[in-house]
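Some notes on the structure that comes next.
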Amino acid sequence: MTAVDKSHGTGRSAAREPPRRRASATEPSATTPTTLTPKPQTTTAATGPADLLRQMMRIRRFEEKCAELYSDTKIRGFLHLCIGEEATAVGVMSALAPGDAVISTYREHGHALARGLSMDSIMAEMFGKVTGCSRGRGGSMHLFDAEHRFYGGNAIVAGGLPLAVGMALADHMNGRANVTACLFGDGAMAEGEFHESANLAALWKLPVLFCCENNGYAMGTALARTHAETDLAARAASYGMVSWAVDGMNVEAVAEATKRAVAQIRGGGGPCFLELRTYRFRAHSMYDPDRYRDKSEIEQWKRADPIPALTGPLLSSGTLTEADLRRWSAEIDAEIEAAITAADQGQLEPVADLTRFVTSEANRTGGPW
Amino acid sequence: MTPDQARAMLETTLREIVPDADLSTLAPGADLRSTFELDSLDFVELVDKLSTRAGFRIEEDDADGLRSAEAVTQFLVTRSSHVGQQA
Amino acid sequence: MTKTAAQSATPTTTPTADGARQTTYREALREAHRDALKRDPRVFLMGEDVGRYGGSFAVSLGLLEEFGPERIRDAPLSESAFTGAGIGAALGGMRPIVEIMTVNFSLLALDQILNNAATLLHMSGGQLAVPLVVRMTTGAGRQLAAQHSHSLEGWYAHIPGLRVLAPATIEDARGMLWPALEDPDPVLIFEHGSLYNLAGTLPDGAAEVDISRAAIRRVGSDVTVIAYSGGLGKALAAADLLAADGIQAEVIDLRVLRPLDDDTILGSVRRTHRVVIVDEGWRSGGLSAEIAARIAEQTFYDLDAPIERVCGAEVPIPYAKHMEEAALPQPVDIVAAARRAVAPSG
Amino acid sequence: MPSLGADMEEGTLLEWLVKPGDTVHRGDIVAVVDTSKSAVEVECFDDGVIDALLVDPGQVVPVGAVLARIEGSAAATGPTSTGLHVVSPVTPIAPSPLVRHRAHELGIDLAAVHATGADGVVHRRDIEGLAHAGPARARVSPLARRLAEANGVNLGAVSGTGAGGAIRADDVRQAMAAPATSQASEPTTSGLDADQRAIAMRNSIAALMSRSKREIPHYYLSTTVDLQRTSEWMRERNRELPVGERLVPSAALLLAAARAAREVPELNGHWVDGAFRPAAGVDLGLILSLRSGGLLVPVLAAADTLDVSQVMALMRDLTRRARAGRLRGSELSQPSISVSNLGDQGVESVLGVIYPPQVALIGFGAVIQRPWAVDGLLGVRPLVTVTLAADHRATDAAIGARLLKTIDRILQTPEET
């Protein structure tokens, strides 16, 4: 059996408990012995704790504003917020290099922001404007930015995993030292595509980082109600890849674990799997009445909120002042207001472009079909 | 009905069927069908109109005898008096 | 503007002086793969049993030895994963050829083909083109029973964003792969299982064909017979029988199931005024229905007889030979349909 | 300007029956035009108000020219060019009195009846089809319909050779290849030079009859038919009929001809491209001499399916309107066989000239009282000479003889009609 962290989530109870505070990632797990040899990273992302905190605050404020804008009917369609899960987004992205690729899910605002997509382009996308990162065609669930190698929110659970394998295959065949990180939820672990992809990536030793954001619920159904074995890291390990379970409420732990995993992958060790144990504080989507979990469970997890969890130590250590926090808040609010203003002013895509990009321009026939 | 009335009735009816008919030269004994080129349909129409105007039904057996203006006039006068007596 | 072979930017590197020669559909496909693998280092073949086994239909026989396991990749029985990996590799700059053994297995990869390959470009606002080629075997006629005898290409032809090809001739088997690989968008190639052994002459210099147009395989004036893939041979056989009766059938090989070449189809119908559509797939909601609808929509007033369809029976294809034959369009069925369209009531 | 025949390229507006400001409805007769063959009523197929009459009486305009503008029509083209802008005889035409009568009898709303003619006219068969088996619509291929419209071919006169009698393009082409019957028109009071009209009419008859005599090897048969039984039967009927609806012998003769043509289909149809094509039904051409000279050949569609009262009604209506110059395009379509009845002209027998591409013409002379031997006894009977002119390319005399014999038989059993 593996040496994964058992601090939460392994019980058969549907109720989940927040993690005990830990400073670092849990032990690696794999069916084959692995050696962790961290190498200097080329990542340009800010990795200092203060930066991580600021990014989480930015995502939190953005998501809160999105809920407001949704109520205000500025944002429509499905809207899945990641409030409570900011540490996974910020932690993972902090460890990736610009040349790495990211494939995400429909709960990806945090991933996109942390990856470096402009808030303007994300907000405009959700406003359905042509200035959005997907020209207003994708909305909240489908943020794309080729420039940032951000290959989108995929609304089909586990649908992005085979793509990640293929992108990693392309890098592998071309001798490029890139990593493809794919993020997915615990629900995706029940899909065949996860298992096919995990096997294929491990079989071909492809540079894929599997990041499972285990928030304990596949929409409204608790992990233990859908999985016979709830130790997800252990299950991933069975495919012959290095797997860790990580405290996903601890941004530094996530960043550290990701850094190690990326190093392992770049070293040619094949794919790695991170189970990031986290929790969303809000409902699954704006449609979700959140009837399937106790308020007390949510309150308990909120005590592990990654933002205050990092704010306290940084303030007490003097790394950060209250004035810094106020300034950040003001800056973030200003950035959000500017994004909203820009999105409001953004143009709608001309209806004449409806059939544009069904095929590449070279293949466009102009006909109705 | 007087003979003059009967003749006038015939002429009115003929004009409806043959608008350009010249009735001033119509001899009393001349054959109506050949003079005005009436075909059997025209003749049915003539009899029908006369019947309507006169107010009594003209049987086919009688109609066969309505060859000339004279015959028509006489028939109308005779029949109308019968009708009148019955009334 | 549709891409044509003539407009293709990359000149062929295969010798064109090899002259006309006898070959088979299978060998022509193999030669097309070999040619593509040689011409473009980004090209690789991935699928079940494509390597050591030599391809379940022996298309890739010998290619592993020639190009190595990196480029001739045996994949696990994970249709969704390796098809999706093909999409990802295409996004990553490669030119993958994914071989799915048979069309029925492609259903396990349908999500990848529909939700990713066909959708990403549009959904990403034009950022993510997917230059992927997926090949698969289709069709019935080999007593493989219900789960291995589908003709589902019509389903794929339903999906915007895909190009769907159906080579029915040796020349197309040889010539469609390269332009498909050059296409910036996903291309599905359907190979009818009964065609692999088709023998014939490959014309001199045949290397690329136009993958935007249907082809008129036989010229005629009395009735247009529209067929594709495994149906083409039956349509041509029917045309021979009809000719004996003095009925000149024009036979169109669709070749491209999406986007349909309306010009060729409608042009022919406007000349003959009568049409028979041959589709091994099921009638209801199928490709034949789409073609019939387009004809009715666009050239109704040129029709001189009701549109005729000869389709696969709406049953799971049975194993027993006589039952399978009864379930599939046969030349006699096409002849009867053409006679109904052409001949006065008797 | 509607096209009212394959060879019609222009027409003369004879008379407007409406004026600007008039409210018109679909189906209203708004004008009379002359086609060099006949004066034809033009009906309007939109609802609206006449905005302007664009063509003056007497003016010759090409087919397709806009005759008038109708405001407020439902047509999407707005007020610019609708209403009378017809290029083919698609103008809906009021159903014939007979059809209206039958519809009334059967309790059918004519507005809801599918017309089978390309001209949109509701035929009797539409009504009866409806009464029997729900809405019926002629089976005409889209191409055939388009060809017919483009070339002014009346589909009602085309016999279909497709499945279920469907009219196909070839059927229309054959109808096009056959020249229209010579249908001269009589002068009207409106605008036209009577001499010119007479000349045109004469030329038309001349051309057609010359062609007939040039191309058709005629053979002639003649027989004398005893009309005693028919006359007696008719006289009985007439006692019960209103005076205006009395039957005349011509009606019985026409019906007998139509029924006989049905029984001898070899003579009912057209000679086209070197072959005889039988017609689907009997559309009986009634050759009418106009008082002013010239001929008109209105058609009794499906005449074999009528009864004698219906034939009488149709004959009376057609004759009256033909002489008033008010025949409609559909009534001048190609007959499948024609009848010349010159009895009223005092002629004893008619040795006719066939109207190509028809292959037969039946002639009736005057009904004359003559001595006649019946059962060995001499008596006086009403006799009529019935003749047949037939195309020897299509049939031989034995067939022709069968037709005459059939006419005789039918006239001996009037109660069956």
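All chains are identified by letter, namely A, B, C and D, in their written order; residue positions are counted from 1 within each chain.
In this text, a residue touches a chain if its C-beta (ideal position, glycine included) is under 8 Å from a C-beta of that chain, and two chains touch if they have at least 3 such contacts.
All of these numbers come straight from a predicted model, not from anything done at the bench.
*Asks:* Tell me the fewest steps from subunit B to subunit C, where a step is a jump to a chain it touches.
*Replies:* So the least number of steps between the two chains is 2.
*Asks:* Ranked by contacting C-beta pairs, which pair of chains comes out on top?
*Replies:* Maximum number of inter-chain contact pairs occurs for A-C.
*Asks:* I'd like the Å distance between the centres of subunit B and subunit D, where a centre is the mean of that chain's Cα atoms.
*Replies:* Measuring from centre to centre gives 32 Å for this pair.
*Asks:* Which integer distance in Å separates the CA centroid of subunit A from that of subunit B?
*Replies:* Chain centroid spacing, subunit A to subunit B, equals 109 Å.
*Asks:* Subunit C to subunit D: how many Å between their CA centres?
*Replies:* Once rounded, the distance between the two centres reads 56 Å.
*Asks:* Mind checking the centre-to-centre distance between subunit A and subunit C? Centres are C-alpha means, answer in whole Å.
*Replies:* Each chain reduced to its C-alpha mean, subunit A and subunit C end up 40 Å apart.
*Asks:* Using the touch rule from the top of the page, what residues of subunit A touch 2 or more other chains?
*Replies:* none
*Asks:* Viewed as a graph of touching chains, is the assembly arranged as a line, ring, star, complete set, or other?
*Replies:* line
*Asks:* Among all the chains shown, which pairs meet the touch rule set out at the top?
*Replies:* Here the touching pairs of chains are A-C, B-D, C-D.
*Asks:* Mind pulling up the subunit A residues that touch subunit C in the complex?
*Replies:* 101, 132-138, 142, 144-146, 151-152, 154, 156, 159-171, 173-174, 180, 192-193, 196-197, 199-200, 203-204, 356-360, 362-365, 367, 369
*Asks:* Within their complex, state which residues of subunit C touch subunit A.
*Replies:* Going by the criterion above, the answer is residues 1-3, 44, 70, 73, 75-76, 78, 80-94, 96, 111-112, 115-116, 120-129, 160-161, 163, 183-185, 258-260, 262.
*Asks:* Could you list, by residue number, the parts of subunit C that touch subunit D in their complex?
*Replies:* Answer in residue numbers: 273, 300-305, 340, 344-345.
*Asks:* Quick check on the complex: what are the subunit D residues that touch subunit C?
*Replies:* Residues 141-146, 161-166, 168-170.
*Asks:* Report the residues of subunit D in contact with subunit B in the complex, numbered from low to high.
*Replies:* Where subunit D meets subunit B, its residues are 235, 238-239, 242-244, 246, 248-250, 291, 315-316, 319-320, 343-346.
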